[in-house]
Structures are given as C-alpha cells and as structure tokens.
C-alpha cells in the first residue's frame, strides 16, 4: 500500500437476497480524485456506507492509511471512530441540522478535535472559550472560501438545495482529512454552480493535499474532475480507468451512459 | 400567632368566624372532595341560618390542592397566614395532611376533623401544642380499624385464617398493618394470607383465585370506594364464597349499588360486612342530615358517605364553638373546650379528646349487606373497640 | 388551445421572506412547459402553491378556468393536478407497491389501476423487482423513480415534476425525458422544473425563467435554446 | 456610573440577566416580610423554581438530544427519599445528602440508560415510565425506609453544619441552584457538547460520521437530566419537608414535559415561563378568577384548555410570543415613523 | 391445571379490553403521529354518557353501549375539529401534551356533568359456563367475541381497503399524501372518532366488573400503551396480541409469583423484550439507509 490511501478488497454485502455489493475491489492513490459511477441501485452509496462502517460488510477488507501514516482495516470499527482516522464523508440525502446556523453546522465537523471537559464547558472556562473561538474561526475561513460567509449566521432550514450541498462539503473540510468521500455533490446544482464546484474540489485537493472519492451521475462533472473512475453495476466491478477509458468502455455505455445518439 | 386567654384570635369578628380547608375538589379525587366539602358547608349553612353561634356566622373558605403536597402547603399557609382563618375544618387527604401536619403544630391553629385515617394522626398523649394538642382527628384510624376487623371476623365466623385483599394505597396498607398486628397478638393459631391489588385495578381475578385456593376462612377487602365493587364482583366471578369484611369507608349506599346486581344473582351467596362509625339507625339525625343537604341544594348527596363525613366535620367544629360560648374566642380556649368532655358523633358513637387523646373514634357498629344486595343492615350496634376486643380474648 | 393552468400575479411568503413576488404563468393544454431558474429562485415554491400546500399572499391560480387558489391539496389532486415533489419524498416506511397505490388514490376503476401499474413498471422495471421493498431502503435514484412513477399512477391531467432527473443515471435521465414526451402524447399537460436546462428545453414547448421570485424571461423553448447569452445569464454555463 | 453598570450588564449577557433574575427572585421574602405580597406566594414561587430546575434537565434531554423520558417523577422522588433518609434518619450533613442524593439517582439513571438508551423514541419513553413506576413501587413497599404511604419528613437544610436555614433561607437556596443550573445549561448547550447533541437529534448519520459517539452523548444527557431531577427532588424535600409515593406519578412527568413544550423547547427562559404556566397559573390566577375560581374543578378544566390553546397558537413555545410582541411593537413604531416622515 | 385454564380465561376477558383500547391508541398514532394519553379519559367520559342514558331511559345495555359509542364518535370528531386538526404545525411531543390538556378537560367535566358517584353499568348477559373445572361468564364470552369481531373488521379495513391505505399514507407523510389526493383531514378525523368508539366499548366491557368512575380507565390506558410498545407501533395485530399477552402474564405473575411485585416484574420483562427487539415483538426492523 505504498502510495495508496484506500484499498477496498473483495467487499460484499447483501440485504435479504439482494447482493448490493458483490466482491468489489478498488484502490485510491494518495492525492487522487477518484470517481465511482454506476446505474441507480448499483451499490455506490452502499460502498460508501461500508467504508464509513454505517453498514457492516458481509465480507472483505477496507484498508486505510490513517492520519498517522499507519494502515488500518476499517472493517469492524465504530462509525464514529472513522472520522478520527482522517476519513470524512457527505451524504446523498443531505444530513444537516436545520435548527443550527450554517456556521454551527460546520463547527460540528471538528467535533473530535474539541478537547474541553464537561465541567469546563458547564462553566465556560478558558479552555472552552479558546477552543470555541479557534474552531469558529476555522469554520468561517472555510465558509469564506466557498463564498458562503454572508449566510453564516442564518439557519440551515430554508436554504436552497444547492447551498445545502455546499455546506455539507464545508463541514467535511474542518479536520484536514486525508480522504473525503462525496455522495453526489453536484446533484441539484445547475450548470454554472456545478462548474464552480469542480473548481472548489480541485482547490481543496491541492491545498489540503488529500484524496477524494466521489459518486456522481453528472458525467461532465466526473470527467472534468476525476483522475480515475470506477464503474460498477449490480454491485460488481465493470471497469476501472481514466475518464477516457471509461467513456469508451462499451459495457459502461450499455449499462450506464447509453449510446451517444443525440 | 400566639394568643392568651382573653385576646381574641385571628379570623374572629363580632359577627363572623372564618374557617377553611384545602381539599382535592378536581381531578380524580373530586368524587370524594366535592361531596365532603358540600357536607361541611351544608352543616354551616344550617347553623348560620339558625343565627350562628354566639352571634357569629361561620364563613368557610376552601382551596383545591389537587392532592398535591406542595399545593397543600401553599394553601394551608394561605389559610393560616393570609386569610387568617380561625381554624382548619376537614383537612383532607393523606398527602395534604402529611405535608402540613408540622405546619399546623408549629402555628398551633386548631384543626378539627381530618379526612383520612392515616396513622400519623394517632396520638395518645398530645399534651402540648407542638405535640399536636390542637389537632382533632375524628374518623377512625385505619390501623385501629384493621384490628377491629380481625375481632369481628373471629366473633362472627370463628376465623383462623384471614385472607386480605388490600389496595396498594394508604387505606389498604394501614388496614393490613392493623390486621397483621392483631393476628400476631392472637398467636400461632391465626394466620394471614395477603394479596395486593392496585387501586382502580381492572382485573382482580388472580387475587380472588388465590383466596379460593388457600381456602381462607374470611376475606377482608381492605380497600376504599371504587376498588371494592371490583373485588366483590371478582370474588363472585371466581366462585369464592367466604364471608367478606370491609372498611367503614365503604359503608354507604352508592358503593353497594355497584355490585348489587351481581350479588343478588350470585350462585353462592356470602355475607358482606362492614364497620360503620356512623350508624344510620338514628333516624332523627339522619333526617337532619338529609334535610341539611337538601337545603344546601345538594339533595343528590343525601346518601353520600363523604357528605356525611363533611357534615360530621362541620358538626365537630360547631360543637367546639358552642363549648366556648360566652368566653373569648381564641385558640387556647377553643382547644380546651374540645378536650372538656366526650363528643357524641351525629349518627354515630363517641370520641373523647380528654388529656391529649387523639385517636379518632374507636367505636363502631357492624353492618351487613342485605340478601338482595340493596342496603346495609345493622348486625351489631356501636361499641367501643376495647369492648369488642375483650370479648374475643 | 385551452389554457390548462393560469397563474396571475401570484405572491407567496415564508414568514417574512417573500419567495414569490408576483408571477404570471400560463400553461396551455397538452404543452410541456419548463420552469427554470437558479437555486432559490422560487420554482419549488411555485409548484407547491399550485398543489395547494402553501397559501398565497395574493394572486390566483386557475385550472381550466376554475379558480383553485384556495382549494385544499386533496381537492386539487382529485381535479387531476399531481406532483412529483422535490427531493424524493416517498412514503418512507411503506413498500414500493403501497407507494404506487397511494399515487392511484384518485383512480376508482380497477382495470385502469392495473393498466397504470403496468405502465409504470414498464417505465421503471426496477420498481417491479422491488415492489415489496420498504421505500426508505431504496437507492437514491430508485426513490426518485418511485416518486415519478407514483405521480403517473393517478393519470394526471396536469403533471408537476420538480427536478425529476435529480440523482438519476444518465441513461435513466434520457429515459425520463422520453417518458415525459410520451405521456404528453397521451394528453397529459406537464409543468417541469429542472436544473438540466438544455435537455429540458429540448422537449419543452415553452419556458419561464424565474429570478428571485419573479419571472425574469419567458418564451418558446426554441427561442430560449438559441438565445445563448440569456442562457448564460440565467442558467449559467453553456454547452 | 449608571451607564457603566448598563454596559457591564449588556456585555455580560446572558449571565447578567440570570444574575438579575436571581436578585429579583431573592427579593420575594423581603416583600413577604413587608406584607406587600401574600405569605403563601413564596411557596408557589418556590415550587415553580424547583420544577424549573427539573424541567431544564428534561429540556436538555428532549430539546437537544431528542429523547423523551417519562421517568422524571421517579428520579425526582428518589432524590426526595434519599435526602430525607440521609439527613433525617442518619443525621448526616445536608451537603453530603445533596451530593449522594444527586449522585445515586444519576448512577441508577446511567445504569438504566446503559440498557434502555439503545432503544428510541416512544420505546424509550415507555421504558423510562416503567422504571419510574418500579421506583414508585419501591417507595411504597420499602416502608422501613420510606415510611410507605404515610410519607416521609425532613427539615429545612442546615448548611455547613451550623447555618440552620428557615423557610426564606431555603427559598434563597433554591434560587441559587436555579441560577446555577441556568448558567450551566446555557454554557453547555452553547458549547460543542450542545452542538453535538443537536446534531445527534437532527441526524444520527451526520453525528456518527462527524465522530460523535451517539450512545455516549445520549447517556450524558440522560445523566444530566436525571441529576437535575434529583436535585429538584432534594430541594423539594427540604422545602416542602414531606414526600409521598403518589406525588411521583406519571402525571407529574407529563406535567414537566408540558412545561417544556409550553414554554419552548431548547429555551431556558421558556422553560421557566412554562413552569409558571403549568405550576403557577392554575393556583395564582385561575383559581382566583371570579366564576372559574368558585366552581369546583373549573380551574382544572381551564388549565387543560390553556395548555391546548398555548400549544395551538405557539407550537414552538410561548417564549416565541416575544417575537410577536416585538413585531407588533416595531409595527407601531414604524407607523409612528411614517407619520413623522 | 384448572387454575391455569381459569387464569387463561380470566385473562382473555381483560386482554380484550386492553386490546380494544390499544387499537384506538395505535390508530391515532398512525394518523396523527402522537400517543393519545387522553384515550382513557375520553372513553371514561363516553361510558358515563352511556350509563346515564341507560339509567334515565332504561334501554338495554347493548343499546346503551351503541349510544355510548355513537357519542364517542361525535366526541372524536369534535376533538379533531376543535383541536387536532388545528395542530398541524405542532410536533408529536407537543401533541402528546395537547392530549394531556384533553385529559384535564374530560376529567374535569365528568364530575360536573355526571356527578361524583361511581355508577353501575350492567352486564350484557348474565350467567356463566363451566368446563374442565373452570368457569367463564357468558358476558366474558360475549366480550371476547364482539371484541375479536370488531378487531377483525378493523384489520380488514386497514389492510385491504383504500381507507386503510390512506391511514398509513397520512401517517407516513401527511403533506405528500394530500398532494396525492388523500383527504388527510378526514382520515384523521375518522381515526379519532373510531378510536374514541373503540375505547368506549372497552370501557363499557370493563364497567360491569368494576364500575363507571373517573379513574376506571387509568390502568387500561397504561396497559394499552405498554401493549402498543410490546407489539410494536408498526403493526395493528401486534398490539392486540401483546394486549392479551400482558393480561395473561400479569395474572400469572400475580398468582404464581407475587401480587405485590407482579407489575414491576412485568415491566422488567417488557423492558427486556424491547431491549432485544427494540421495535416490539412484531415490529419489522428496517436498516436505516443514508
């Protein structure tokens, strides 16, 4: 696993009789932007859920090079332990907290870093105050970067879909993760917003020196962004390769893209 | 407030004397609190209409404490400190009494009649105010009644093995305590089989079956009001046919009305007894009560045991007033008056508060449900507890 | 051609936020009309108002000449206006089949019901395979298909689609647009909200572009498709 | 000078507000002694404050963690019995009793939480209800300690072994604890634990993806809620000086829940407002109104009606009324401006 | 052995009462997403009405029961019209507190309107039947049969009819249900009405063995809630079976173990069950998907 940040090996999971992921293997290089595509119901989100241990895979291993440089198998870890290892995700169906403000939502991204005792928080002692302002400042920086600073103190409830998608992304950036996994980050964005998202993600990768694994159905977005793409169908691997290779792959065309006719 | 013998007390003017109580008159306890208070007020109305006592009419204030100790405290304070009543009449319910007993003792305000038979009121030697000299319990204490029931069971049915179905509340548990205490005194020949039910239980069949299975000699239904019909019907349904004894709280017409049909139709009849500290055979006093309730505009309470209790509470307070007629009306005089000589309870026996005795009434009669289940009939006249106990020794 | 839907000077507020500041929209019977616009422009709000979920501050909504501004949602639905709402709002704890049954709530005829099931299952075969699966466990795209299928079950006269292509694979997206054209052929009028502007304009007859609560521009789809500068301004990016 | 004070007040919000609130409350005994208000008012207010403390704990649990407990009454009752036993029966100091009587219920809370917090929603509500009922059964049956249905008594607290408080002193002690609890609540919910709890309530998926240990945070908020209940119980015991098994029934737990819903979920001042509505208005207002007050049970009905109306008109809590008031005020103000301009 | 059979028979009788009440609670839970704490008080109130009618007019108990249930339907409709239908923006927990307010209203009104004395409601039929040394009253048989029949009809309606589907859709997502043409307001109103009628029937089945009094339904209410939990709020039949189970277990524990601790043991047992099956015995477990 020299230059790999993530290595998924022989991953399988079934729901009842349905094999949602079937003996799937792929790996991601350090610094790579890696796309996972496939028809609806192919098992993409399920793969994410297995990596972040929301689901416990029936079989297979998921090796991850953590913040400390060690390689660990994520299988069997608790869901809430994953982020501490340097792996963070967003969700297909936005999971933000409506009653919190935008900046508060983002601050939650640094939860594991916050180190004041309960007693300290009860009486808002120095440590708590320091940590609070440090983390709030970082959140505001990220918001600024994404052009959302003006809405930082607004509630999340009632924000348009596209903005919500961005807030979720911002939350994932609070901890300098090694690997960010994004489930359909561009869904609900219009073309120009999608374009700006491509740039944001590229910048993130450059500045933070991390890897990105994403699911997306917008092929322009995927092709414009990804170094490599993995296509799956019925939970099984279809093809792995560069965007050009994938686009040219006949199986992928049949299963997913459709023939270019119009 | 502290008063010396010639200074008039709070709540008293030349033409009025103000008294009050706090009682649950809403929620599930309204069924007890409302008729009880109506009884008190009806009695006071009767007295006031006749010109009052010593030229003073009685004013009655009451608050609804919802059976909640903290509200009871609030309203008792309000009565004593803000409304400045002369006395508390008919303090109502275990939590109310429990939470405010100390308060009453501290202030020294006279409190006449407590609508609960809890053991905390039982005091053979209340010689000082701090000790509870100002408190005058009238109703029988449940523990005492428990002992009495055992005596009755032995006397009427030669019982050795006493079954008890008791409710999980103050009445049930105190009665049980009295029964166990008496049975223990009687020695090894006598035993108790006890089964608990929740107040307002829906299903008492297992407890009834247990009684049947254990083949007890008599069954004590140690529960007040609503649960008693359930127990009786449960016993009938399970084909139990042992004599049943119950507490004075149930000795009224409304309670038996609720098992009358089942009882009348029961295949195996069994006698149902109850003690009664009110004895409805004194027709004159009963008529006065019925008239009083009618005049008060509540004829529907004319057969209600709680109204009767309230009526008696009113009577006791008024009798106390009569005893200090002509003297300065203050706490000390009033309390001394109460202790002066035994009271005759309207429709009932006697109570004596002399020398700090605070035991409630100890004399009761024995009633039995008539064959057709429609009424209580007197089996034994009002007698003192000790007389009855002596008989069975 | 009859006017199927007529919206006049419609204003809708969320508390003190003015989401719609007076819009006029007209949809002719048998047309496919697109409602485009940036995030937060008020497209969803418009559809929700048509369905009767929101109250108008002023203005009116007419359906074949009848004023439905104040009708409750279920009355509006039973008149034949059925919506596939934004963000896959399926009945999460019911099965796929039950979801579709509810879509057919206004259908009385058994045979028609069966036909509709067959039709929806032929559009989205995966739904037939999953008919006993609990909807919340479907994949995102499957839920989206279910939401669209459910709307079709009621034989709408006017079908409201809020971002139907959201989260669907390219192949299915193409499919969806074919389906929309097909149901129009069966006589259903369609009002569609989409981010995928160009593809939408390809099938639409007419389009409105919303701009923060107002109609910024409107025209035949063809006109708009060729007006590349406007597309850039209102929809962003060109292809 | 005056403006200096004003500045201090403004810059230290909301602590200065809490402090001010505490000071105002502490003036009540004075007013009573001066004969300006009724003697019994102090007891009603004290009860409102005690229930506020309890409700604040439940508000943390419900409002921030999204968990419903119907066991409040049981734990509060446990606080009363423990402190009564320790001070009255064992004769140990009040401070020790306070600590033990809060710690033991908390421990039991944590233990029950360890098993029951794996379940959610209504299941948890009923699980806690069951625990509360079992506790009540213990209050009834273990009468050698609890005195069963006769109830148990205790005295006003004696602080530090020599400072014997009276009614007023105990009241001030209650005020002190309320303000303390308000400050602690405020700080906690506005720090990262508060955000973590909110996140957990809003989306468990997001919470665990962000590294929040859901189980541990549930346990934490449950423990806090239980200890506030127990603290309320301790104060109750030493103020009312009496406890009784049937005071700790489901209806009380529901009333505490009503406090939060009526006042405002996730609002500290709302909680106190709610406690006033639920535990103060019936006695202080309804029962003293002309007709309603004089018919037996009418106040009770109107109390029910009031609860329903408040929730219908302010589904997010009566505390939001202030926004309406502000808005109307502003409207008025604006109109004035228009006229001027 | 006869004792065991006897206990079983006794439990069938009370189990049916709990089951009817539980059904009402679930019905409301499914449409209004709230636990109706007032179910018992509403039933108590209608039972008083039925009894007063019976006493005043002397009609048969069955007719009185029908009158009572009709009253209950009306009360359900009124409660929904004046309160529940106006509480659409109210969250489930706050709705529970609304039902708490309803308790206060019904519990407060009852003594004013009907007096404070407990009343007697006669059995539907008198007499009893013995077999294998156990006895069961005809009234119990009547209750069991009527209860089961009603439940059967309700199950059929919920599972097989459009009304049933709309009940479930309303519970699942009220807004979208309306968008699909379901008159959710009417569905909810009907549920409140039916729930009140079911509760009233259970109260009137209980009344002959107890009495008609203010707190007659307290135990039933709590037991029915427990049954919903044990059976799982997701299924109707689960709660019914659980209600019978609880009735049976409670009697067994009370007879064979301890009448003092039977409730506590029962609570612990139920807790243990939901710990292992957090969605109730009959609830389906769905893996959450994100």
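Lettered A, B, C, D and E in written order, each chain numbered from 1.
We take it that contacts are C-beta pairs under 8 Å (C-beta built on N, C-alpha and C of every residue); 3 or more make two chains touch, one makes a residue touch a chain.
Everything quoted here is computed from the prediction, not taken from an experiment.
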Q. Which is the least count of steps on a path of touching chains running from chain B to chain C?
A. 2
Q) What chain lies farthest away from chain A once each centre is taken as the mean of the Cα atoms? A) B
Q.
Rounded to a whole Å, what is the gap between the Cα centroids of chain A and chain C?
A. 30
**Q.** Chain centre separation in whole Å, for chain E relative to chain A (CA means)
**A.** 48
Q. When the C-alpha atoms of chain A and chain B are each averaged to a single point, how far apart are the two points in Å?
A. 74
Q) What is the distance, in whole Å, between the centres of chain B and chain D, each centre taken as the mean of its C-alpha atoms? A) 37
Q | Overlap residues in chain B, where contacts from two or more other chains coincide | A | 26-27, 30, 34, 168
Q) On chain C, where are the residues touching two or more other chains? A) 137-138
(Q) Show the residues in chain A shared as contacts by 2 or more other chains, in ascending order. (A) 15, 45, 54, 91-93, 95
Q: Spell out the part of chain E that touches chain B in their complex, as residue ranges.
A: 3, 6-7, 10-11, 13-14, 17, 104, 107-108, 111, 115-120, 122-123, 126, 128, 135, 137, 206, 208-211, 213-216, 218-220, 223, 247, 250-252, 254-255, 259-260, 263
Q: Report the residues of chain C in contact with chain E in the complex, numbered from low to high.
A: 51-53, 72-74, 77-78, 82-83, 85, 89-94, 98, 101-103, 105-106, 134, 136-138, 150, 154
Q) Tell me, which parts of chain C touch chain A in their complex? A) 14, 17, 38-40, 86-88, 126, 137-142, 144-145, 163, 166-174, 195, 197, 235-239
(Q) Applying the document's contact rule, which stretches of chain E touch chain D when the two form their complex? (A) 35, 37, 83, 86-87, 89-91, 93-98, 100-105, 107-109, 111-112, 222, 225-226, 228-229, 233, 260-261, 263-264, 267-268, 270-271, 274-275, 278-280, 288, 290
Q: Sort out for me which residues of chain E touch chain C in the complex.
A: 162, 165-166, 168-169, 172-173, 175-185, 234, 284, 286-289
